[in-house]
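The following pair of complexes shares a single chain, chain A, combined with chain B in the former and chain C in the latter.
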Partner chain A sequence: MTQLAPTKPRYRRRFLQVNWTYVWMLPMAMAMVIPLVYTVSFAFKPLEELFLFPPPLFPKSPTTDNFQQLVLATSSMTVPFSRNIFNTVVTSVAVMVGTVLIGSLAAYPLAKYPLWGKNFVFAVVISALMFSPEVTQIPRYLIVNELGMIDTFGALIIPNLALPLGLFLMKQFMEGVPSELLEASRIDGASELRIFGQIMMPLTRPAWATLAIFSFIPTWNDYFTPLIFTRSESMKTLTLAMQTIGSGATTVARYGAVFAAAFLVLLPPVVLFIFMQRRVLDTMAYSGIKS
Partner chain B sequence: MRLGLSLRKQQIIWGYIFVSPWIVGTLLLFAWPLIRSLMLSFQRVTGLVQLKSEWAGLTNYSEAFREDVRLIPVLTETLGDLALDLPLILIFSLIMAILLARVRRGQTTLRAIFFMPVVIGSAGVIQELLRAGAGDEVMMSTMEPILVSAESSPLEGGIVTPIQATLDRLTLIIWRTGVQILLFVAGLNSIPPSLYEAAYVDGSTDWEAFWKITLPMLSPVILVAAIYTLVDSFTDPLNKVVDYIMDVSIGASLRLDYGAALGWIYFLLVFVLIVLLVRLSSGLVFYAGERT
Partner chain C sequence: MDQLQERWRSEGRWQMIGYAFMAPYLLLFLIFVVGPVVSAIYLSFTYFNILEAPRWIGWTNYRSLLVDDEIFLIAIGNTLSFAFITGPVSFVASFLLAWLLNRMRFRTLYVLAYYTPSIGSAIAASFVWRILLSGDRYGTLNNALISTGILDEPIQFLAEQSYIMPAIIVVSLWMSLGTGFLVFLAGLQTVPKELYEAGKVDGIPNPWVELVKITLPIMRPQLLFGTVISIVNSFAVFQVAVALVGFPSPLYAGHVIITHLYDYAFVRFEMGYASAIAVLLFAFTFMLGRVSVRLLSSDD
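On to the complex of A and B.
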């Protein structure tokens, strides 16, 4: 934040500062990545190394045995593994797009319009945030059942869409957008939909990119929702299929398959996250929020 | 949509159209289940298959406070942990975000690294999987390698133990700061650089700029981060209270009614805490854009 600051030369101090920053961050960064490193390294460890204690950080003789075990384990399942992957991908992407759209649409008027009852809606949002979803799971199941959505994509996607966190986050960021911008475009004759699409959304891109990550990753990793709302093998998601592999780990060799599967499940969120992260940063540098 | 309505009326109509998908979704899949669970908490389930139940008044609630020996200890323990963790998490993530905002080389990479525990940590599946498929301590240690290495260090006992306990706690806290760091970095990046420019021209130091510009401009984000932290720890499936409620309602005893009552007691407690937080902070939070 200081890059624009001084006119007098303070190069020497700046140099030291930045160095200290890195020194501070290094151990923290290490603590952060260690679980990831372990997941990766376990996936490539041969069987005999899996049980070493304390577990060494890197495999001594890396193999792909575990992945072969995984293929073996999944080939005996009634539904092709690719179907489970497909289910998870469709669900996660749909939830991500839907959450961003519904959340931003609802947040815009709440942040910027003189709407009747908006304080009430916002109070509902805040209380919705606090209620542990596990606790309402049983009545929620009954309702999804009454709607006839059990064992469909609808059951996997729709209950996760009206995310209170999404509305909260978007509203908080949209309040920071100057109202003058909206007034100006209104005077120029832009429709409300256009103001939303061409002013509000581009300006809050960092916020909804964040929201996209927030909604994608938990859905991808979600175990509870598919467990409750699906019945048939062909609607099972990746996480449930993995559970099957895991519970089938009666032989020692299957342990390796579990780690290989864990690695595969972890990979897409991590990759997507790194990709999105870059975009978020790029947008922030040019967005109107900064100036 | 120009039916001779005034601009203001059009705007309000559009406003309701925009909010309606969210409202419908929330009413159907949040509010209605909530009402049902509230009803359930005042009932006694007599037939599990068709969920037959009869009204039982406040018996579930009185049981929670008079007979339940597990509830109160679990609640106080969770609240005590939180009182310690919340400020630590906020201060730590603010410091990390400020450091991150200063870094010019590799900010993207570093930020990605700091968010990693969230990406991995929400994969409760993996923990579940490892526990169910291969209930082995070594397997579990993939998630808590630092704790394990600390436990197996030769320096055990004596003075080292409390230090190690603190370190253990810090490690767990560090892993819970990903979202907050992201929020703070976004907040820091949205502070207009002209404010700092003006301050430095007037001879402000970095230290002064932090207290007079960064902190006030960041205060709404700090509130968001605080609420997020609270909510995150209260709804965490690893949270002991949630664990207990789930155990009561879908565990061996399958007491849906009592579980619902516990859920509501817990919810009211969390609600009061967050309202308190928002109220207490209302004088401290500064909004730069005007609120209409």
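On to the complex of A and C.
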């Protein structure tokens, strides 16, 4: 408030100073975006435009033909493409909800209780950040197999719920919630579950919004888990189905259909991130590892 | 005495409620993370084909992996060359871009442009890259290079042995400004403005010195997080490789550790052997992770 006056001229100078960064960072930003723009534009290009060269960035006469082609191309498969979409949506949403719920529940006492062994628990979880889930895939497969869950939604959802990143982010963020707030409710006689639901969760919304994204997007895009845990066509997810359509993309008509599918797969994560961007950045500020 | 008992009782209550809250997570974590790591270590010393019970064979799997399995050595070579390029390049690029963006006022569109490739499916994105890098006349890059006279004949970027890893690296780098980039971007916003003010007073001459003297030390926790993530990601390369050049790739030129693991575990069902691959990968990334914690961790 007091520094309003002196900040103004300095800010303008700084702005002028960094102005050139806007210019020279533009080509790189364009380079990053071009493959995505092509994917979108191929999805909406009519057949005769697909093989123009060099490929124009935007379609001249956009059409949804490719999406119809996609439906046609997949109608000859044993299950319709909509079934693959359904599988991916159910799996991703379930993993997202489950991860947020289980992760927040576990993070609350870790952040706020004088718990025995909590440093140990946290250290073990941090260690799990240091290897990729693929490493545990073989015993996971054996366990899932033993539980009779192969080729069910359970196999795609349950093993992915205890996300180390989830507990980590929620704990870091919850530590920032003032303990006095919790104490006040305790004196008012609120139960711990109620404090969690009515104080902790509303106050940590940016954190679980972030966690929602970080669990939804990798599950949506996951290839390895469904590849191993599904057998039947009717349990295949979008990425698996797309790989099948893509490998059969020898005919010209298929070519457009592949990009229509790619567009459908790329859209939800991107839209989700655009909407949540602010919250994600707020949360990630808490994500440093101190040890 | 009474007081002590009372305190113990209330302490005990915290433990009970606390662990009740953590129970679902801990249970799943034990079953699907800790348990698998431990049993992978056990299985790596056995011959196990799922049908029969695992049979203890000692170090045999490791010996055959490291001495006899030439394809595994190719996979290690490919993964290492991938990791040692992609890891550092994407780490530095993530940080520098985040740092530059942090100095800009209108950055939302730039953030989206840099970050979006990393949240798209590797499979979906591979289709457009297969066209961009295609070896036939539709290949955008080849066409551009030929029409500008740099090349006479198209290069088979996705089929010729020496170009396959570079192609995988390029596409992975394109997709690599992910979580680390976001962590840096967010972390930079938490550096107290007063420190920069103080730095100016102390006569810090330019933004680069400011970066080294003020920003980097404060950002240590975030840098550590970014390092760990980039190590794990670079050794877990699989999706991009399979999506781009298929499995198995021509002459194993795109064969990486996880591809090898997948091959032995879920194609040949040699689970013991595949577990040894998993354990080696685990040990390696874990060790690198610990080393970076040691090097970068702050004292508080």
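Here are some notes:
Going forward, the second predicted complex is superposed on the first by the 215 of 291 C-alpha atoms of A that agree within 3 Å, B and C clash if a C-alpha of one lies under 4 Å from a C-alpha of the other, contacts with A are read in each partner's own complex, and residues count from 1 in each chain.
In the analysis below, a residue touches a chain if its C-beta (ideal position, glycine included) is under 8 Å from a C-beta of that chain, and two chains touch if they have at least 3 such contacts.
Owing to the predicted nature of the structure, the values given are computational and were not obtained by experimental measurement.
Contacts of A:Pro178 after superposition: chain B is touched, whereas chain C is not reached. Of the two partner chains placed by superposition, chain B and chain C are both touched by A:Phe273.
Legend: residue contacts after superposition of the two complexes on their common chain; A:Thr78 is shown touching neither chain B nor chain C. Judged by the touch definition given at the top, the superposed model places A:Ser232 against neither chain B nor chain C.
Looking at the shared chain after the overlay, A:Leu169 reaches chain B, while chain C stays out of its contact range. Judged by the touch definition given at the top, the superposed model places A:Arg186 against chain B, while chain C stays out of reach. Shared-chain residue A:Thr136: touches chain B and chain C both. Legend: residue contacts after superposition of the two complexes on their common chain; A:Ala128 is shown touching both chain B and chain C.
In the superposition on the C-alpha atoms of chain A, the part of chain A touched by chain B in one complex and by chain C in the other spans residues 18, 21-22, 25, 28-29, 32-33, 35-36, 38-39, 42, 51, 53-55, 102-103, 105-106, 108-110, 113-116, 121, 124, 127-132, 134-136, 138-140, 142-143, 158-159, 161-162, 164, 167, 192, 196, 214, 217, 221, 223-224, 239, 242-243, 246-247, 249, 258, 261-262, 265-266, 269-270, 273-274, 277, 280-281, 284, 289-291. The touching residues of chain B, when paired with chain A in their complex, are 1, 7-8, 10-12, 14-16, 18-19, 21-23, 25-26, 28-34, 36-37, 40, 51, 96, 98-104, 107-108, 110-126, 128-130, 132-134, 136-139, 141-143, 145-146, 148-149, 152, 171, 174-175, 178-179, 182-183, 186, 188-193, 196-197, 200, 206, 209, 214, 220-221, 224, 227-228, 231, 234-235, 237, 239, 242, 245-246, 249-250, 256, 259-260, 263, 266-267, 270-271, 274, 278, 287-292. Chain A contributes residues 14-15, 18, 21-22, 25, 28-30, 32-33, 35-36, 38-39, 42, 51, 53-55, 102-103, 105-106, 108-110, 113-116, 118, 121, 124-125, 127-132, 134-143, 158-162, 164, 167, 192, 196, 214, 217, 220-221, 223-224, 227-228, 238-239, 242-243, 246-247, 249, 258-259, 261-263, 265-266, 269-270, 273-274, 277, 280-285, 287-291 to its touches with chain C in the complex. Within the complex, the chain A residues that touch chain B are 1-6, 17-18, 21-22, 24-25, 28-29, 31-36, 38-39, 42, 50-55, 102-103, 105-106, 108-110, 112-116, 121, 124, 126-136, 138-140, 142-144, 158-159, 161-162, 164-165, 167-169, 172-173, 175-179, 186, 191-193, 196, 206-207, 210, 214, 217-218, 221-224, 239, 242-243, 245-249, 254-255, 258, 261-262, 265-266, 269-270, 273-274, 277-278, 280-281, 284, 289-291. Considering their complex, residues 11, 14-15, 17-19, 21-22, 24-26, 28-29, 31-37, 39-40, 43, 50, 97, 100-101, 103-106, 108-117, 119-129, 131-132, 137-138, 140, 143-144, 174, 177, 179, 182-183, 185-187, 189-190, 219-222, 224-225, 228-229, 231-233, 235-236, 238-239, 242-243, 246, 258, 261-262, 265-266, 271, 274-275, 278-279, 281-282, 285-286, 289-290, 293, 297-298, 300 of chain C touch chain A.
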